[in-house]
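Listed after this line are the structures, all set down as structure tokens.
Two complexes, one shared chain (chain A), two partners (chain B, chain C).
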Partner chain A sequence: MNSAYKRRKVLKLIGRIIECLLLIALIMVFILPFYWTLITSVKSMWEAVENPPTWWPREFHWENYATVWNEQNFLKYAKNSIITTFGASIIQLVSSTMAAYAFARLRFKGKKTLFFISLADIMIPAQVIFLPIFIIYSRLGILNTYLSYFLIYIYSGSTIFFLRNAFMQVPEELVEAARLDGASEFSIIFRVLLPSVKSFMITQIMLILISKWNGYFWIQVLTTNDHIRTLPLLLNSILARVEGLVIRYDLAMATNVLIMAPMLLYIIVFSIRGFVLALQCKARRIPLLGKLIIIQFDYFYTFS
Partner chain B sequence: MQISDRFEVKKHGGFYKFFNKLMKNAYILIAPAMITCLALTIFPMCFAVYLGFHKWDPISGRKKLVWFDNFRYLFQSEDFIKVIGNTLLFMFFIVFVGLLIKLLIGIFLNKRTPLHNFTQTVIFTPHIVASVSVAIIFMGMMAPKSGLFNTVLSTFGLPTSNWYLGADSAMASVIMVSIWQSTGYGVLLIIAGLRGIPDYIYEAARLDRSKPINTFFKITIPLLSPTLLYLLITTVCSAFTSFDVIKMMTDGGPDNATNLIAYYVYQQGMMFNQYGRAMAAAVILLIFTATLSAINFFALDRKVYYQ
Partner chain C sequence: MLINLSNIKKVYPGSKDPVIEGLNLAIKEGSFTVLLGPSGCGKTTLLRMIAGLESVTGGSISLEGENITNMEPGDRNLAMVFQNYAIYPHMTVKGNIEFGLKNYQMTKQQREERIKLVMELTGLTGFENRMPNQLSGGQRQRVALARAISKSPKAFLMDEPLSNLDAKLRNQMRSELIQLYNKMGTTFIYVTHDQTEALTMATDIVVMKDGKIMQYDTPENVYSNPANVFVAQFIGDPGMDVFQTTDDQFIGFKPRALTTEPVAEGVSFDANLLTTEYLGYDYQMTFEVPGKGTLVMRNKKKMTSGEAYRLSVPLEDLYYFDRDQNRCEPFPITGLKEVFHADK
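Entry: the complex of A and B
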């Protein structure tokens, strides 16, 4: 009796140890590439391409970051990144919110047809329409301008779709009650509707900002010079710069760290916060953005 | 009544009145989105189909109606057949192998300890990092001489590989990078799906002395099927449209070994200036993705499995 109990306990302990080892292996698989980027970004030019590679930089060359910052047109690209990220995000968010509001809460002729048309870009991938758009833009003479980049983001079918579902799940009674209390349309929208879809809005804002910051395809396709090119395209030109048959991986990785910094900071802050909350026994199951994506995913099913 | 009327007028002056009117006129509200939708999505799509039936030399500007010549050219050229084969191979691996990996990790991570949560966060990280950055990271790690992968392989005495630079290993490298990046999102959705399955079903199974393997195949998988089907379709779509990693790592090379259909369209259109051929390939791409999205949208309405 006692020995069987002991054996079961030992087996359970071995199981837990194996589980922990597997978890650590999994973490390694996903963290190692980021670690590699960080250490390569502070290696010297020759150490970065050394064979075999070193696991810890012999000396820290922080000046790689200074080199990237100063020499590589970095500030221009960074400025473009910031302008395009915020500009395109705000434009997309405002126009999509307006359309989503109309589709969710107003009655008008041809609503169903128009809504169906507004889902077009879920079915039509960017890779099909980029060339016609390129031709149209070059006819209009607006290639390489911020305007050309912003224009394609005024319309986003998926954002309209998700926000419409969000607006639709606000109960009609709530709005009616506000209206009976004499609230104007302005305060109905900003004090009743928008606060009650806050989590959807935050999700959308986060996803839109991240996708614009990471955006590569449209900038690559719609630009012929570096007037509005953003940071991801800087990586191309750094990799193309070969000095004495050596690819400057150190500089590429330093740029890469700077590009990833906002997202990595976000993840680190939230995982530390989650860890602290877990220590205080307030379990936080999933990172914030992940949780919000799940909320969104659920509504995708309940309302489509 | 009078007092409140006056109050209203004071409170809602010019801007508020304008705003109220604006908010009631649906056509004005949807105008920006709808106009750009028509001008920069629907019209370009029609234009793409139109161009697919034409031969157009953008330098001299001559355009000629050639009907199905572009399509005939595509299906007779070895390159395009190879591209289609590549796309299907890529799709097969990232869909089935990727989905299997996501499912296994998702089931493994479906626990609520701090370590499990931390692992989830870590796995999710690549999803919000630019795919260009991911490509660069792996280019550094897969470099044939100074890369981490070959070093690890050679310390264990295993044969090394040229990874993304070798004709036979490039496709495998690209698939690996794509799966690595997309795992986190899928795992997240699968965990959410698993937590959505009510406990009483498992309890009933336990009372009926169901074997774990039966519980898994007869309860977990069917109840998870909406999530799995959603992931399946979005992954297939992403396989047809994946561009960033290919452009960054291999440029479709070596010898078209990693040239996928989305990159082929770009290559023909932007690099070789063959607008007609590019758009004919784009039409084929459009047929695939539109069908899949239609399935996603209309078939998924009725959830795959009801409790």
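Entry: the complex of A and C
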């Protein structure tokens, strides 16, 4: 009886240790790229490409950041990044919200067909349609303008799909009650439906903002000069530059850190909150490992 | 008349069969009209058409003489209380009430006055700043009522508002609704499948079946003067026992009219007692009439299962229905064919 109890305790301890080791390994997998980016950004040009690599910079070249900030049109690209990120996100959210509302709540002819067509957007990769879009935009003469970029996001099948599903979770009676309360369609969307799916919206907004901030493909496609080019393209041009047969990984990583900084800060703040929340979920009895995997997955998901 | 429905037809999109067809109904001003019927009889559809939440396929609806058939729900000046309360979860109690008032362009002072009034009327004073998830089911229902009252509507539409409450609370809310109705004097249109609610609260009952009105009358008449076999069997707990006669007419009687005593004039038949259920006030017995089917009896006297009895109904307790199942003058009973159930 007593020995069985002891054995169970020992087994539990071993399980706990394995859990912790797995946890550490997992954290390493996620943390390593960030660590690598950070240390490389302050290495010298030569140390950055050394083989075998150094795990700690021999000397700290903080001036890498100054170089990027000053020399590479950084501020112009940053301004473009901010304008395109917020502009496209707002446009995508507003148009998708209204379309999702129509698909979720209104009755009209051809609703199913239209919804199916809108879903097709998720299945067709951008790489398939960028050429016709490029040609159309070039004939319209709107290449290298913010407008061209915003037009791409005026429609998003996946956001419509997710928002529609969220709206459908809201009981029909709530919408009907609002209608009887004399609310307009806009009032129903913005004062009844959206607040009812608040937590879902926060996640969506976060994902959309991050995807725009890191967006590369469409900006690349829609530009022939650097008039509206954004930070990820700056990174690309730095990587393309070779000085004495060496790619400037140090500068590239410094740029990377600067690009990541706002989102990283945002996510760290949210992760700490999520971490606290996860630790507080005692009622759910999720093991610590589970909680951390959830957090890390969230972390990974937002960056991928 | 407050609300006039004439020749109403409703076909849901994608289906061919109308849920409601050729329905006429005039709802009296100041009445507590209950739409009563089994599920799927079209009572909720009818209420939603009055509210404007459901389109009308044919016919017209008028409110105080004005045609409102195609009017927006918000312009009809009607208030509705939903089965699941439908109070806005992200707004406080006060916010819930204020939302509608704001949409009607009331000034802040008017709103405050109105809110104070309805809070007192529904006994919610002190709960203004609570969120809905901090309220009990009964309190939520009160918020829904307060929201409806605050608009001073021409009529209140209620769609089974008590069905989500437990039995005790339901009885209490029922009595409060009656008090509210007496205080306000506004028209109530109330949908339910619960005949107790209908009989206790209504001034007028509309019994519906398959989109048709079976009887539109006072609770007393619906209970003791059913217009047809359906109403006779639907109303009452349990409803009437009905025999089809050998010439295909029908006779019915209340289960409490059945007796084991011999009667001078009336109907008598042999039956075997299957089960006896104790219901507190009296017993409910289920009998099998050999070759004719089962029927129920209510009696204060406990009877032993498995035994055979001779049951009788006095002549004055019999109800007569013609071949179309409508109430008719007494006719000579030729013989009993089988026990009839209208809903089967």
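Everything that follows uses one rule, which is that the second predicted complex is superposed on the first by the 233 of 304 C-alpha atoms of A that agree within 3 Å, B and C clash if a C-alpha of one lies under 4 Å from a C-alpha of the other, contacts with A are read in each partner's own complex, and residues count from 1 in each chain.
As a convention for this text, a contact is a pair of C-beta atoms (placed from the backbone, for glycine too) under 8 Å apart; a residue touches a chain by one contact, two chains touch by 3 or more.
Source: prediction; values computed, not measured.
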Partner chain(s) touched by A:P171 [first = chain B, second = chain C, both, neither]: second
Chain B versus chain C as contact partner of A:I152, first or second or both or neither: first
Touched partner set for A:N80, first chain B, second chain C, both or neither: neither
Touching partner for A:S196 - first (chain B), second (chain C), both, neither: second
Touched partner set for A:G182, first chain B, second chain C, both or neither: both
Touching partner for A:S118 - first (chain B), second (chain C), both, neither: first
When both partners are placed on the shared chain, which of chain B and chain C touches more of chain A: B
Touching both chain C and chain B, counted on chain A across the two superposed complexes: 107, 182, 184
Chain A partner contacts - residues on chain B that touch it in the complex: 4, 8, 11-12, 16, 19-20, 23-24, 26-27, 29-30, 32-34, 36-38, 40-45, 47-48, 51, 58, 105, 108, 112, 114-126, 128-134, 136-141, 143, 145-148, 151, 154, 180, 184-185, 188-189, 191-192, 226, 230, 237, 240-241, 243-244, 247-248, 262, 265-266, 269-270, 275, 278-279, 282-283, 285-286, 289-290, 293-294, 297, 300-301, 303
Chain C-facing residues of chain A, complex: 107, 171, 173-174, 176-184, 187, 191-192, 195-196, 198
Residue ranges of chain C touching chain A (in the complex, touch as defined): 13, 51-53, 72-75, 78-80, 82-84, 86-91, 99-100, 103-104, 147, 151
Interfacial residue positions of chain A with respect to chain B in the complex: 20, 22-23, 26-27, 29-34, 36-37, 40, 48-53, 95-96, 98-99, 101-103, 106-108, 111, 114, 117-136, 151-152, 154-157, 160, 182, 184-186, 189, 210, 213-214, 216-217, 220-221, 232, 235-236, 239, 247, 249, 252-253, 256, 259-260, 263-264, 266-267, 270-271, 274-275, 278-279, 283-287, 289-290, 293-294, 297-298, 301, 304
